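In the two complexes that follow, subunit A is the common piece, with subunit B as its partner first and subunit C second.
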Partner chain A sequence: MPSEAPILAEEIAYSYNKLLAVDRISFHVDAGEILGFLGPNGAGKTTTLKMLVGLLVPQSGRIAILGKDIVKNRAEAQSQIGACFEEKSLYEDMSAAANLKFFASLFGIRDLDVARLLDRVGLSGDRKDRVSNYSKGMKQRLMVARALVNQPKVLFLDEPTDGLDPVSSEAIRAVILEEKAKGVTVFLTTHDMMEADKLSDHVAFISEGEIAAFDTPENLKHQYGKRILKIRYYRDRKLIEEELPLEDKQAGRHIEEILGDYDVLDMHTEEATLEDIFIQLTGKKLE
Partner chain B sequence: MSLRRILSIMRKSLNPKNPYIIFVLLGPFIYAALFQFVFGLWQAKPKVAVYERGNQAIVLEIREKEAVGLVEADSADDLIKMVEDKEVDIGAVFAEDAEERLTAGERTSVDIYVNGESLAKSRAIALATITSAVREISPGTPQVDFEQVKLGKEKALSLMEMFMPFFIIIIILLGAFLLPASFIVAEKEKRTLAALLVTPTTFSEILLAFGTVGIIISLAMGMILLLLTVGITQPLLLLIIFAFGSILGAEWGLVFGLLSKDQASLIAYIKVINIFIIAPALFVIFPSWPQWIAKIFPTYYIANPIFRISIYGEGWSELGWQVLALAGFVAVFFIPLLVLAIRSVKSTKARLLTVSS
Partner chain C sequence: MNRVFSIVKKDLTQIFRNRFIAVISILVIVVFAIIYNLLPSKVDEVFRMGFHLKVDEEAAEEYHLDVGKEDIERRLSEAGGEEAEGGLELTWADSLEELTNMVENGKVRAGVSIAVSGQEPKVVLYVSSKTPSEITEAGEAIAAEIGYALIGYALPADFRATVIGPDMAGQQIPMRDKLRVILLAFVFLLELYGLGNLLVEEVQRKTAEALLVTPVTLKDFVSAKAVTGILIAFSQGLLLALLLRAISVDTWLAIIVFLLLGAAMTVGLAFIMGAISTDFISMVMISLIPFIALMIPGIIVLYPGLNSPLIKAIPTYYLIEPLNGILNYQMQLSDYLSSLLYLALFTVAFFILGFVILKRKLV
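Now for the complex of A and B:
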């Protein structure tokens, strides 16, 4: 495992009393990459994230963030990370600007460009409003902005778009991609496979505290998914629908035959989704 | 430990819109005004002990006045003991032939024993009642020589002075105890503690910031209240006692803040422990109650020295041991805070984010 990876977890485990939440998992995230950490509720995603950001001390194993042991050099590592949790954790009696300035002060930042940061998440017009008046999506966008006050090199996002309206979700996804473009490493927990597929360079499937698969979305689809061609055509005035596996060599000839002899209505290829692969690998649905 | 981060958290906590801050800043003055009003309307009758030999015509006159609570003493010594024990505000010992001399229009003498810690108002009522009774049995202007003997500390207490220990404890309870406790509970309820702990901020910095806010406000409010009521004598000694008292209050506030899951459970805790915190003030207000009971409570060592300094001008020589006892309580109560803080760091981190794992 590369020791220079911004996020490095080696054999980390955590139990809540007798409940084993994370079972000696290892992984790393390379610089400037987004890792989609995927799993259903209760799979161990948030426990892993809590260990990575220094909120929980792993009961075994080791975590290094930007080369620094998160347990031994917690403050040093935390000064270079940003974290956004799923649950809203804002000072609601304060304005958005005051929230950001306060958190910036904890990092020793005095010249925070609040307007620019809020503009990035589409909240510049609401900067002076009390957060208690914000919608759920606005609060989540503010939490993402808060995670960026210290210009982190590593960003941890826990279900950042869960339950949000499309506008807020898209705004957050845009920020994640902007950060990636800057070279920021992103650890993203989600159970939204579409989102993970869109954003992630690598994905890890976690189920019952174990990593069931770790690869790029393309490789996973290639390895576990079946690509098929769906074709609809008329034969003797009757609509026929066929699914032909692309890996099947016989399918090519059959397709040629259909195209030559019949009136084709439409045809398109269909790939397995990450969700299909997750179910295939773990036997569980992502809910 | 970063002073900059501690100051940032303190600044954030001192939100003038925070209802707790408003309550803490205004509370003592509201309480003081209410007490003045309530006790101005209702006050127990002054207690007068009388020792009169003969057919006790003066005693009967005093009893008819109903302005005072009359206690008949069996002897002059018995009366003096009652005054010394602060069972009565004033005692009057009439000469053996006082009644005959008064009815004959002749000069007589009355020994008046005054409880030095009685209220000035009570003394005035009691003396006026005794004088009026004497006048009733005298045909003309009574010829009486009053010889006044003050027993105990020489000081007539005003209502405000008498209830000062109570207000001191209220200030410490509100400022040093309630503020840090409510800050912690609010962070728990808002789940912002997790957000703070993923910055370089440590749990001890958070606790120190909250505790310091409580201590400063409590200290400032206490000194202001003293200044506005009885004045400040021996400012250094007062400041030390207030500082220790505030630190003790903050320690308790942090402990109960850590123990409370939410505002409702904090209020439930406060209801339970309130009486234990306030009880010593009652013993200072009512000195006839057995004082050894009061000395069991840590807050006695806050309220009593401040009371003795402000009212009787006592100093290090009389109160030094109480200041030391208070410092001892501060040290002792730091231990449960430390244990609870260490436990909370582990459990809080594990439970702060209630999202499923």
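Now for the complex of A and C:
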């Protein structure tokens, strides 16, 4: 495991009284990568995130953020990270600009370009409005903007697009990809497999506090998924639908027969999704 | 330090932006000041008593009574009825009915009827059902005095009151000055809710969590809340003290020291309330019993007779008792050094407890 990885977790565990939330898991995220941390509600995603940002102290194991132990050098590590939680934690009686300026001041930043930051999340026109008047999507975009006030090297995002409208979701995804392009390392918890597939370099499946799989989405699909060809055609005026595994060597010959002998209505390939693989590996659905 | 300052600045802005809190805070002070100024500034020490005398001629001769009012008043005066400043003020009633009406209407505190006929003289004291027992007792003593003064019998016993401690006769503490001490303590206790809410809101809305993933530490967070809380509570206490004329050349240092420590202790208590509550409503419910308990030392200012060693276990005792002594009994700061120590200890204990609870909740 590379010691220089911006996010490094070794054998970390956490229990709430007798409930084991995270069970001695290890992983790392390389610089400029996005790790999609996937799991259903209650799997241990948020507990892991809280340990990574220094809100919870791991009961065993060690966490290093940018090479600094998060427990021993908490303030130093936190000065270089940005975090956005699922729950809206904004000062609602303040404006968006005031919220950002206040958080910037906590990092010792006095010359924050508020307009530019709000522009990135599509809120520049609403900068003076009270946050209490914002929609859920606007609040979430402001939360993401707030996580960026200190130009972090590592970004932690907890379900950033959960329950949002498509416009807000897309705006947030665009910001995540912009940050990645700048070399920022991103830890993204989500139960949206499509989003994880689109954004992540690596994904980790977490279930009941344990990591069930850790790899790139492509490798996981290749390893656990089946590619199939779905074909619909007419035989004796009757519509026939067949699913042919592409890995099957006999499939090619059978496809040729269909194409030659029958009237084909349509055909397309289908890949296993991360969700299918998650279910296959954990026996659980993502909700 | 900059981080603490940033949070304090944000909190103060939020507090003053919240019109409801701003209006309530100012309104409380104004109302307290009005209550204080409406109450009488002096204690009326005159004991007003109605008097009806009925003497038939035979009895007058037998008892050598001169029934003239001046003569009776002279005899009463000789008997010591006007020893205390203010003393006794007699209002004569021409009939028994007039006397009872005077008592019922509150024109006099008690009425004495003395009927002297051929038989044994009859002395009756009339008091209203609302009259406190101590006034009734005083009336009985005065009635007896009048009776003896009139009929000339020697007193069956040496009937005298002995005052233990400083004799406040003629310099009784007006109710409003006693109330002033309670109002000052009360304004702090009201702040419990406002200050506790400062903390509850941050925890409930998860903004505390958002702060703690920045370089802000729990110590920074707690320090900032303490500074904001003490600033607000102390300013309110000081403003009220000025409006209640509690600050003078002689008392300013002692009052400011106790207000500052009182504010700090209130903030410490608010920390505990805020840390154990989940929202404002639960905080109000949880703090109800401590709130009542903390007000108990105020009662001893009004009724010193209720003082008991148990009251010394209530933290506000060490705020209320010194304020009462300094404001009403010309005591000095040096007379209350132990109270200062207790207040400081309670404050530190509350802060530590609040911090521990908050740490368990947040980190």
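The criterion applied here is as follows: the second predicted complex is superposed on the first by the 287 of 287 C-alpha atoms of A that agree within 3 Å, B and C clash if a C-alpha of one lies under 4 Å from a C-alpha of the other, contacts with A are read in each partner's own complex, and residues count from 1 in each chain.
Just so we're on the same page, contacts are C-beta pairs under 8 Å (C-beta built on N, C-alpha and C of every residue); 3 or more make two chains touch, one makes a residue touch a chain.
Keep in mind that what you see is a predicted model, and the values were worked out from it rather than measured.
Superposition of the two complexes onto subunit A shows a clash between subunit B and subunit C.
Touch criterion met: A:K45 reaches subunit B, while subunit C stays clear of it. In the superposition on chain A, contact is made by A:D158 with subunit B only, not with subunit C. Shared-chain residue A:Y224: touches no atom of subunit B or subunit C. Put simply, more of the residues of subunit A are touched by B, taking subunit B and subunit C as the two choices. Contact with both subunit B and subunit C is seen for A:F107 once the two complexes are overlaid on the shared chain. Look at A:Y91: by the touch rule set out above, it reaches both subunit B and subunit C. Once the two complexes are laid over each other on the shared chain, residue contacts for A:L55 go to subunit B and to subunit C alike.
Across the options 55-63, 109-117 or 325-333, subunit C meets subunit B in a clash only at 325-333, per the superposition defined above. Put simply, subunit A uses residues 53-57, 74-76, 78-79, 81, 83, 85, 87-94, 102-103, 105-108, 146, 150, 156 to touch subunit B in one complex and subunit C in the other.
Subunit A makes touch with subunit B in their complex at residues 16, 21-22, 41-47, 50, 53-57, 74-76, 78-79, 81, 83, 85-94, 102-103, 105-108, 146, 150, 156, 158-159. Note for the complex: subunit C touches subunit A at residues 2-3, 6-7, 10, 13-14, 17-18, 205-207, 209-217, 362-363. Taken in their complex, subunit B has these residues touching subunit A: 4-5, 8-9, 12, 15, 17-18, 190-192, 194-202, 346, 349-350, 352-357.
Against subunit C, in their complex, subunit A makes its touches with residues 53-57, 74-76, 78-79, 81, 83, 85, 87-94, 102-103, 105-108, 146, 150, 156.
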